[in-house]
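Here come two complexes built around chain A, the first alongside chain B, the second alongside chain C.
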Partner chain A sequence: MSAATQAAPSRPRRSLRTRGRNRFGYLLLAPQMIGFTAVGLVAIVWVIWLSLHDVNVLAGSQDFVGLDNYARILTDPSMITVLPNTFFFVCVLSVAGTVIALLLAVLLNQKLRGIGIFRSIVFIPALVTMVAWALVWSFIVQPEGLLDALLGAVGVEALPWLRGGWLTLVVFAVIQLTKNVGINVMILLGALQAVPQELIEAARIDGAGRVRVLRSVVVPQISPAIMMVFMLMIVGSFKVFEVVMLLTEGGPGVQSSVLAFEIYKQGFLLNDVGYASALAVLLFAVILLLTAALWQARKRVVFHEND
Partner chain B sequence: MRRTVGRGANYLVLVLLALVALAPILWMLSASLKTPGEILRYPPTILPEDIRWENYTEVFTLQPFAQQFLNSIVIMALVAVLTLVMSIPAGYALARVRPVAAGAVFLLLLSVIFIPPEATIIPLFQYAAKLGWVDTHYPLIIFTAALVTAPIATFVMRQAFLTLPAEFEDAASIDGSGRWRTMMQIYLPLVRPSVASVVVLSCWYSWNQFLEPLIYLRSPEKLTVPVALTHYEDPLAGPLWGVQMAATTLSVIPVLLVFFLAQRHVVSGLTAGGLKS
Partner chain C sequence: MRRRTFLTGAGLAGVTAGSTGCLPGFSRTRPGSEGITLRMTMWSSNPDHLSLFQEIADDFLAEHEEVSGIEFESLGLDQLDMVLTTGMTAGDPPDLTWLPVESSREYIDAGALLDVAPTLASTPDYDVDDLVPELQERWRAGEAQYGVPFSTGPLIMYFNRTLYSEAGVDSPADLLAAGDWTWESFRETSRQLTEATGLPGYVVNDFDFQNWTRLLPLMEAYGASPWDEDAVRCTADAPEMADALGLFHSMVFEDGSSPVPGRQVDFFGGQAGSTTAFLGSSTLLDGVDFEWDVLPTPGGPAGDIQSVGQSAIVALSAGRQQEAALAFLAHLTARANAEKISRFFPPSRASLLNAEVLAQSSGLLSAEQLEPVVEAISGSGHIFPVAPNGARVANALDSSLDEFVYTPEADLDEALPRVCTAIDPVISA
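On to the complex of A and B.
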């Protein structure tokens, strides 16, 4: 920009310079754009195309069926369970994930001796791969596992953790949440440490208590980071896959299944590629709409000093 | 007095928190050394009674685990290289060169970040089949870098280049430095921390991948670590818990080592994108 305005007096030189700039810019963007087009764009167009066809993997045939696969989503009895389950994770993981991360970040933001060690420890589960985390937890919640033993020690009856119903969904939510909370804590901790100390002191002098300072000064100051964590959690909560696959395979029936797992099951275990593609397009559309809506809402919710 | 009590309560909460975070990992360690008989005993023993190191040797005899580990590392390194090759120039172009329609390109890349892998895995598998890439590592390197890690990395690199003053550019061009040299020798060295973040985040994404290798790979000697971990099962008796926990422990230790050696970079890499917006 600045270079273009500097060269403004002599017209031909400016256009030459702008052209050089454009050419250089696109040369730099080329690897990324080629990769994105050849993989991302192709994949998106392809999945939409597949969702409009009845694909027979064995015969290698693909017959156009219009919107039949989408109509099937509406009549598929398992979707009555799968879609609310997916929605459950989106709500619980985004809200609980953000609130818990915020509480932990405030707790870990105190100036205490040895606080650095606790910060590191809270981050450690985030360093274990999701598969390893799910495997360890499946060992913990299996019948007569550690969890049953711990509850038994305080006189609580063992519960059927993995036999479907809301209990299994809650177990999954806990596993997913404990794994990633450390990353969110770090994001919020970074934001907390950037809050100007004078603001907090000014509020204190005005007679605000600790909770009041947090609610009226600190939270508005770090609202962009809170919103970012919330969005990351929403997008991430559609990817509850490893836990479902490794602990219950969505069972019993589809009681503990989610959209992401159904795509895998229909597409690769049952070879119903057309239907799985329709589910994939649905997942994609839902996420795109949600993030667009959140992006709009962000402007209202988030506190900006400058505007 | 009140202060001391408050501090004590704080430490109590922190210690409980640390226990909850570490318990699964400590339980994994303990289980990895137990005998098959002890591992299923109820109530369970906290520490193994007879330590069974054979769990760790069986990790390598039941599957080519060393090879699988190497596969994961090679794939991870190549994803990181490819991500850097795509994201550094792209981030620089979007932040500093700004050719026409740079804003639209940026929005396009931003929207890709939100596509979950499950939404594109079906066409990408068919794509890989057409290219003859099934049971090879190519899709795990090329698809992953092009579709996931490079767009996120471009976002991070753009933010990093944006924070630098434009005066460097003018000064450099007055000194007769070409566009390439300005980018490589003046701007790039200044964003080294972000380059480290990008390396960590792409390595981490690749190392964690499960759905993709599960679908693209077939032969045991081609598998990556996360998929291999799920294969320590006896077809009749179910999971071989001891060996599986030993393998899981082996997969966790190197990451923890890297974390303690380069804590700052690991944290900024894993939180990148969040922190920088």
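On to the complex of A and C.
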């Protein structure tokens, strides 16, 4: 009885405190949520609405066409090239980007004199804007440019770097990778430096070599960071755009185009806002599904997530 | 408790400060916001062009008290459609703009342009009859006129006299004097010049293998056009087009006398023997360290036809200040101001369309040099062909030419039908 009479008045107090805390939490979240609703959610809903219309901006008309714009994606011959190109970047940039960043991070995690200089060199491209980076590369890969001159010096014939096909896609992937690898290296380097030394020493005492330590101790310890880099690379590689626009405008034809550039071209250059919106919804859905699948898969591949 | 109160207060203060800080970002303050402010987009950032238009605008403001300011916004021609459509979508388009003739039909068909004819007729001293009727055709539909051309000029041939002289090769002027000024002969002398100097004999200005209109001098000389006169059927697979593009293809990929796709060459920087460009590009020759000259573009099987580009000043239907915009359009293109503008751009007024007037206003070109330009505008010239749905057709044409024709191994008999396959659905849409 006494316990009950003591507990009874304390409940409303806790509840009030909890409610107050919740209110305070919501208040702190409010600016972000208002911003997301105003800029993100409204825009998403509006784009979906536009994708169901034939929009003629010049005439100021919007005619409801249902799912016609989505059906057009299936019959658009350029999509036969654009969609595989887009997924090429997703596969190459996410896998190669993560592996190269991990290897570089391991290399840069050594205790050497002047290691800071090497870390800076790897990180500097991340500080440059993509436009400047693409322009620098345009001088390197243009006909009779630096790359052709270097190849010529060793007796190799010049190659049409930006004239479409797999070669142009590889050039784009290299430009994109070298630009962004620095940030990923820094994320992974931070994670590597947080790995407890005693775990590594224990593994070594047990007779593990360097590769075994890396595979069985270090990688599992930094797996949350690897997963994050991988997801960021996947989402980012769907949005490859500047390099395409600045170096080839998707050409010849659409041989070097990707989904993000097609959205821009249809919407802003060809005034076909309805079709551009349908492509944007497709891109949004694909990224959302892929991210959700990865988020689910993380439970199997990520260790120490809650540490 | 105190800490929470402090944090709550700080949070509220932050949100309030953030919101109020953001608010001015959404309101646009313009000079003289009490009256009407007009906005006009143009694809020149040349300070001389801008100061001339500002000077004309100042005269207009002095006569129209209701208009308190006129803003000129410079942008690239390739950005024009994007800026206009984005502005229209956002409900904040410019009131007036320069518009290339290639876009005229698309904009007129969509009802995006205002009819300026009644305003021109009621403007004192405008002299509508002085506008050369043939040069207004693309902007007229029945009695309505949807823009007034301020620049009507052919693509002309500029060549580097010094380079030809040093190489000991017949220059375009020598070919013209010998009565042999054809694309075939020009191809041969360009090849010789490249062999002798290592520099391209010919570069197409403002082309980059993405602007088919810059090849029109060659196409017209062979009687080729990408579509028929009514712009309903592709004719890019005709034998005339195969001959014209075959010659260009040979210059690029066989002779090496014209740069391959992606290679940047600047005639005005002395890096090529010749180029085809508009009259306005002559300002780039100011201060160059070589001698140069201009000529009409070469002839071909179809004769000595010159390709004439055109741009007009138009008022947009989506603009907020339509009456003031139309009045300013009439002011800009009235005879007195058209004469001022002809300093930079060839006019479409009969009274101004002579070599002497153009030479007086141009600091670089003589009346003799300008005679063929005037002849092309008023006689032998063809204004650029126009298609409905212009942006999509141009994109399909440029894109398919780039993919199928501008490659070393292209077989034009197979490539050109594929170009038609690409543009036919867009023309007929």
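Just a few scattered comments:
Just so we're on the same page, the second predicted complex is superposed on the first by the 275 of 307 C-alpha atoms of A that agree within 3 Å, B and C clash if a C-alpha of one lies under 4 Å from a C-alpha of the other, contacts with A are read in each partner's own complex, and residues count from 1 in each chain.
Quick note on the criterion: a contact is a pair of C-beta atoms (placed from the backbone, for glycine too) under 8 Å apart; a residue touches a chain by one contact, two chains touch by 3 or more.
What you see is a predicted model; the values in this text were computed from it and never measured.
Of the two partner chains placed by superposition, only chain C is touched by A:Asn56; chain B is not. Contact with neither chain B nor chain C is seen for A:Asn69 once the two complexes are overlaid on the shared chain. Judged by the touch definition given at the top, the superposed model places A:Glu144 against both chain B and chain C. Touch criterion met: A:Val128 reaches chain B, while chain C stays clear of it. Set against each other, chain B and chain C touch different numbers of residues in chain A, with B touching more.
When the two complexes are overlaid on their common chain A, residue A:Gln221 makes contact with neither chain B nor chain C. In the superposed pair of complexes, A:Leu28 makes contact with chain B and with chain C alike.
Legend: residue contacts after superposition of the two complexes on their common chain; A:Gly253 is shown touching chain C, with no touch to chain B. Shared-chain residue A:Ile44: touches chain B; no touch with chain C.
Applying the stated contact rule after C-alpha superposition, one finds that A:Phe268 touches each of chain B and chain C. Where the contact sets of chain A with chain B and with chain C meet, they give residues 20, 24, 27-28, 31, 144, 268, 273. Every residue of chain A that touches chain B in the complex is listed here, in rising order: 1-3, 20-29, 31-33, 35-36, 38-40, 42-44, 46-47, 50, 104, 107-108, 110, 112, 115, 118, 120-133, 135-137, 139-140, 144-146, 148-149, 152-153, 178, 182-184, 186-187, 190-191, 224-225, 228-229, 232, 235, 238-239, 241-242, 246, 259-260, 263-264, 267-268, 273, 276-277, 280-281, 283-284, 287-288, 291. Every residue of chain B that touches chain A in the complex is listed here, in rising order: 7, 10-11, 13-14, 17-18, 20-22, 24-25, 27-28, 31, 40, 42-44, 85-87, 89-90, 92-94, 97-100, 102, 105, 108-109, 111-112, 114-127, 142-143, 145-147, 150-151, 154, 166, 169-170, 173, 179, 183, 207-208, 210-211, 215, 225-227, 229-230, 239, 241, 244-245, 248, 251-252, 255-256, 259, 263, 266-267, 270-271, 274-275, 277.
Only residues 20, 24, 27-28, 30-31, 56-60, 142-144, 160, 162-164, 249, 251-255, 265, 268-273 of chain A touch chain C when the two sit together in their complex. Residue ranges of chain C in contact with chain A, taken from their complex: 4, 7-8, 11-12, 14-15, 18, 81-82, 85-86, 88-89, 106-107, 110-112, 210, 259-264, 317-318, 391-392, 395, 399-400, 402-404, 406-407.
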